[in-house]
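When the chains are written out, they are named A, B, C and D in that same order, and each has its own residue count from 1.
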Amino acid sequence: MSSEVLLEVKDLNVYYRVYEGLMHVLDDVSFSLVEGERLGLVGETGCGKTTTFRALLRVLDSNASSKGDILYKGCNVNKMSQTELLNTRRTEMSMIFQDPTSSLNPVFTVGEQISSVIRANLQAKGINYSENDIKDIALKALSDVLLPDPERIFDSYPFQLSGGMRQRICIAMSVATERKLLLADEPGTSLDVTIQAQILGLLNNLVKTTGMSVILATHSLGVVRETTDRVCIMYGGEIVEIGPTRSLFANPSHPYTRALLACVPKLTGEGIAEGIPGEMVSYLNPPKGCRFQPRCSFCNEDCNRTKPKLTLYEDDHYVACHKADL
Amino acid sequence: MEIFRFICKRTLWSLVALVGLSIIIFTLSRVVPGDPARMALGPRATEEAVEALRIELKLDQPIIYQYFHWIASVLKGDFGLSLMTMRSVTDDIKIYLPATLELVIVAAIIQCVFGILLGVLATASQGSYMDYFLRIIAYIGVVTPSFVFAVLFMLLFGYKLPILPVLGRTSVGLGVQPITGMIVVDSILRCDFPVAVDAFVHLLLPATALAMNGMAQLARITRSSMIDNSERDYIVMETAQGLSKKEIFFKYLLRPSVIPAVSVLALQIGALFANAFLVESIFNWPGLSRYGVEAMLFKDLNAVSAVICIVGFVFIIANIFVDILVAIIDPRVRLKAGE
Amino acid sequence: MDIPILKLSMLKKYFPYKKGSFVKAVDGVSLEIFRGETLGLVGESGSGKSTVAYTIVGMYEPTKGQILYNDQDISSLYKFRSNEIKGKIRIVFQDPNSSLNPRRTIRQILFTPLKLHKNDRYKGFPASPEALLEEVGLSSIYAYRFSRSLSGGERQLVAIAHAIATNPDLVLLDEPTSALDVSIQAKVINRLMDLQNRYKLSYLFITHDLSLMRNVAHRVAIMYLGKICEIARTKEFFEKPLHPYTQMLLSSIPVVTDEEEQLKPKKITSRGEIPSPVNIPPGCSFHLRCPFATDQCKKLDPDMKELEAHHYVRCHLY
Amino acid sequence: MNDKRCDNFGSFSDKTRRAWYRLSKNKLSVVGFVGVVVIVLAAIFAPFIAPYPTHAGKVVDFLNANQPPSLAHLCGTDPMGRDVFSRIIFALRSTLLMGVVVLSISVPFGTTMGLIAGYFQGSLIDSLITRLTDIFLAVPPLILALSVAALLKPNLMNAMLAITITWWTWYARLAYGMAVTLNREYYVRSAQLLGASWMHIIFKEMLPNCLSPILTKMTLDMGIVIMTAAALSFVGLGEQPPTPALGTMISDGAKYMPTQWWLTVFPALAIMIIVLSFNLLGDGFRDLFSTEEKQ
């Protein structure tokens, strides 16, 4: 595994202009990813995981604006021309959307949709192809994700398939042609645990065999613990803690991470923690200091006034908290 | 297939509804004060003549008997005698229906093609002056009754800017031996192209006046459904996968977005028939609808009932046609109906 | 031993499907729930767990079998039940957005059960919408709000208040927290446990989350394709899962600590998908996904066996 | 709890205020609102606004006949010498009355029928109501209204009756569809399981959730009813002369085209403006409710 930096995100800010005003959703998000690495992005509903992904690919909604540097192989995605951007999307990065049902076009067959993606990719690489080649690649991709009877699925419409199959199709679409970076948004988490385990296993295998890098966004701490090398914990549009998976789970240091871990029901049956008081931050007027401060039991004047920066806590493990040492 | 069972079932129920409607119209027409026989013959006819006509029209029998008698003859293709023209209603309809069909079909094509086209154009230029301009046009189209369009077109094109003919189906002296009764079709079939062109030019104004409402509606529906759909996950996903803007817009966005527009077509074809009632009389178009209005004002019950039945029947056919069209575009309807 | 509050015996619910075939959503379920107990009913989507709950409250009429409430047969649609029974068995639905009417204030919503079940409450039971809100830990200010201005967790708490307003014996919880984040889920669950202690409520807790059941339930039952495959007291259930399906479920759970990792069965991994309940495979319905399936499993549906005290399994392996 | 600051959030008066605020943000719907208010006021105070109030009746003034628009006669005069502008103002009365009467009968009736049929989906009462609506929808509404109006005596009352008979079915359909969807909502099920009566469920649980689409449709429909009414009077089946009606004015004026264009153009414009105002307002309502739904 080479340790070349593939993606570096520096001070990414995303704003949504909504009816009530300006929502400051992502606030100075910075992280980086080396080739072949599996990074987890964890947080609760509305913490900005999907927004981060969409910003990386520049597919934010029309009312959103994004500032900051997204350096992919040294090129800034936010400053790319349309053709460069198109090529990056076609050959470098790809994203698996959260909801496999709504992210497949309902009135086209799976085959048509996956073929379009492959065609775009081959065009971008300047490879000559025939329609038969495309179908072969598509069928191979479908069988790669362990779908039974790829020929039949190729000619099916999304609504004729189960949720698990749709999720596999979304993955197949992203890995049908070689990509360097896969952005997986809650893969399988809307499905049953047994299916989720299969999907995650599948993703892991794909990553191992192709050497792809993955960023996995999920709300489930268990999922990242089992499938990633490094983890970012997000709260309210900020990264509050980032570190190698083992050390982060062994030694959670941000109060939010700790509280979140305590809330997860354990198989060992030690009861349920009280939960985190209060509500998710309002992006319309977020607190001036630390965004978690209104819900934090350790907060003091300092947290109220200044925003904590990510600081080294232990080996490669960073925390954004004034009271992390406690 | 499921979809055919679905369409058959719906058609059957529509026919039942049509029979129900005929009962209502029939009852209403018989309980309304006024003696149809007397009205047909005028105030100066003798009492004997009126009585004779009453017996001929079976007006002396109980209502239920009259109804079943009427239905029985309708099933044989006989709508009875028109009191207005004193001819068989069936013969009248044979003359007038093709003219209306021709008009409505051309109007339907105009509104469909231009409505969806304008909707697409407005979406493509969303936010620009073009978009605003098209939206204003669409607003005007929606809020103006088609008979107002007809009158205004007549004023504008017939008198102020006389570039298009405004009255009748053809210029005086031109004509063609009928096959279908639709002059454009007939003249093409008979290879009489000057007449075809002339007849088509005569069609343009009334058809456009008729189509304006529906066209504006379609444009608005198409635009709003395209804009709604363009924020959907699947479009974002396709963008993220690097498909070209053109492919996304014309393939992946257009097809799901025209479904709501196509679904309202049946209603719109009905509205075309209804508005033809007024537009035909303005443009002096010898069609079924003008005949219907005249029959209504004359209280010619046989003719009115016949016109309503025919329109109801055409409406059913339009519904079947649109159901099939939607099934072709939308696989969910095609493969899932009936579940 | 005392009489169960609710007893299901061989409950079946079939829905007619195309051309004479049936969806066998519930296919012979027998259960008992005792006073003050939480029974966890766990299964994947399509296992028929929600149908069980809907049949108990009378939204569906059982095709076969009996529902006994305090030894009284109530196997009928809700329309044919007495008002008292309707108040004694209540249900909390999964979706917090749809369980509260968006056009009525919280006060109006909570007032309906209070008005309809005036006589079922004893003295000292919260009798006003405000009191009910405080009972579930919400401020009484919420009474004059609409559900739209509440967060998901708060909505679900209001739904719970609505359910306990009639002073029920049994509350069916149909995935009450599956739409919520863990930090919110913790709050709601704690409130539910409080209420159970205070009013001796019995819960039938329907969920797909086994780890949650480890911490909440007294007994756990696993359902697969309309049938119960294993049922046991929580401790035994997790320490000694017997049915291969239970083991597969446990091994699929993503966990956050090493101690938990120890508890996961190692020798089985997830494979296959749950078949459609229209064509349930013959024999043991799990045999298609089971690594230990034998010829016998393909032909013969196993019976429920009591292997240890209160630990029942439906599998040919034992 | 620390939410003292949003005590009022979501309460009724606050909702109305927010709704009005949002509606007022959409400039076009404000135009529509102002238009509707002006039209309604003009209709109510017609005798005070119209420059020649007597011209609404049987007045003949051949000296001033057929005059083109001028300061004295804003929209010209007709062959009888009557002021077209005054007649348009008076015609607003029957036009609006038509819309109000038709909708205030057909909307409550249709909605109730639809909700009942939808709530008892699959029962006998459902099929009865559904088949009944099917009958009225078997031909386009305008044609049905024309025939009914023609069979009865031609006057304003019968025109209203004819349109009402055809109109309620649309609301029955709309309410039916919504009731069927609402049947699946947990709060409706929960009320059933609680033992609430069907009256309670239909009128307290379902109806409030149908109001916004129905209100939107009503506003938009006001325009369509007015268009239909104009069509009826265009063929002579509405308000009878000498009382002015917009449709009649257009059809009479069409005879004098193209020289006396003002006889048709101004009544036509009047119809367009009325319908446009109601449409803009209706669209504003729709946007308002749909953003409300989204949140």
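To be clear about the criterion, a contact is a pair of C-beta atoms (placed from the backbone, for glycine too) under 8 Å apart; a residue touches a chain by one contact, two chains touch by 3 or more.
The structure displayed is predicted, hence computed values, not measured ones.
Asks: By C-alpha centroids, what is the most central chain here?
Replies: D
Asks: A-C versus C-D: which has more C-beta pairs touching?
Replies: Per the contact counts, A-C leads.
Asks: Take the average of all CA coordinates in chain C, do the same for chain D, and state the distance between these two points in whole angstrom.
Replies: Here the centre of chain D sits 50 Å away from the centre of chain C.
Asks: What whole-number Å value describes the gap between the mean CA coordinates of chain B and chain C?
Replies: Spacing between the chain centres: roughly 56 Å.
Asks: Using mean CA coordinates as chain centres, what's the chain A-chain D distance in Å?
Replies: Taking the average C-alpha coordinate of chain A and of chain D, the gap between them is 51 Å.
Asks: Give, as an integer number of Å, the spacing between the C-alpha centres of chain C and chain A.
Replies: Here chain A and chain C have centroids separated by 33 Å.
Asks: Which residues of chain D touch chain C in the complex?
Replies: Residues in contact with chain C: 1, 3, 6-7, 9-11, 15, 185-187, 189-196, 200, 204-205, 208-209, 211, 295.
Asks: If you look only at chain C, which of its residues touch chain D in the complex?
Replies: So the residues of chain C in touch with chain D come to 57-59, 78, 83, 86-87, 90-91, 93-95, 98-105, 109, 112-113, 116-117, 138-139, 141, 144-146, 148-149, 162, 166.
Asks: Within the complex, which stretch of chain D touches chain B?
Replies: Within the complex, chain D touches chain B at residues 131, 134-144, 146-148, 150-152, 223, 227, 230-231, 234-237, 247, 250, 254, 257-258, 261, 264-265, 268, 271-272, 275-276, 279.
Asks: Which chain A residues qualify as touching chain C in the complex?
Replies: 44-45, 162, 164, 192-198, 200-201, 219-223, 225-226, 249, 259-261, 263-276, 279
Asks: Show me the residue ranges of chain B that touch chain A in the complex, using the header's touch definition.
Replies: 231-244, 247, 251-252, 255-256, 259, 329-332, 335-336
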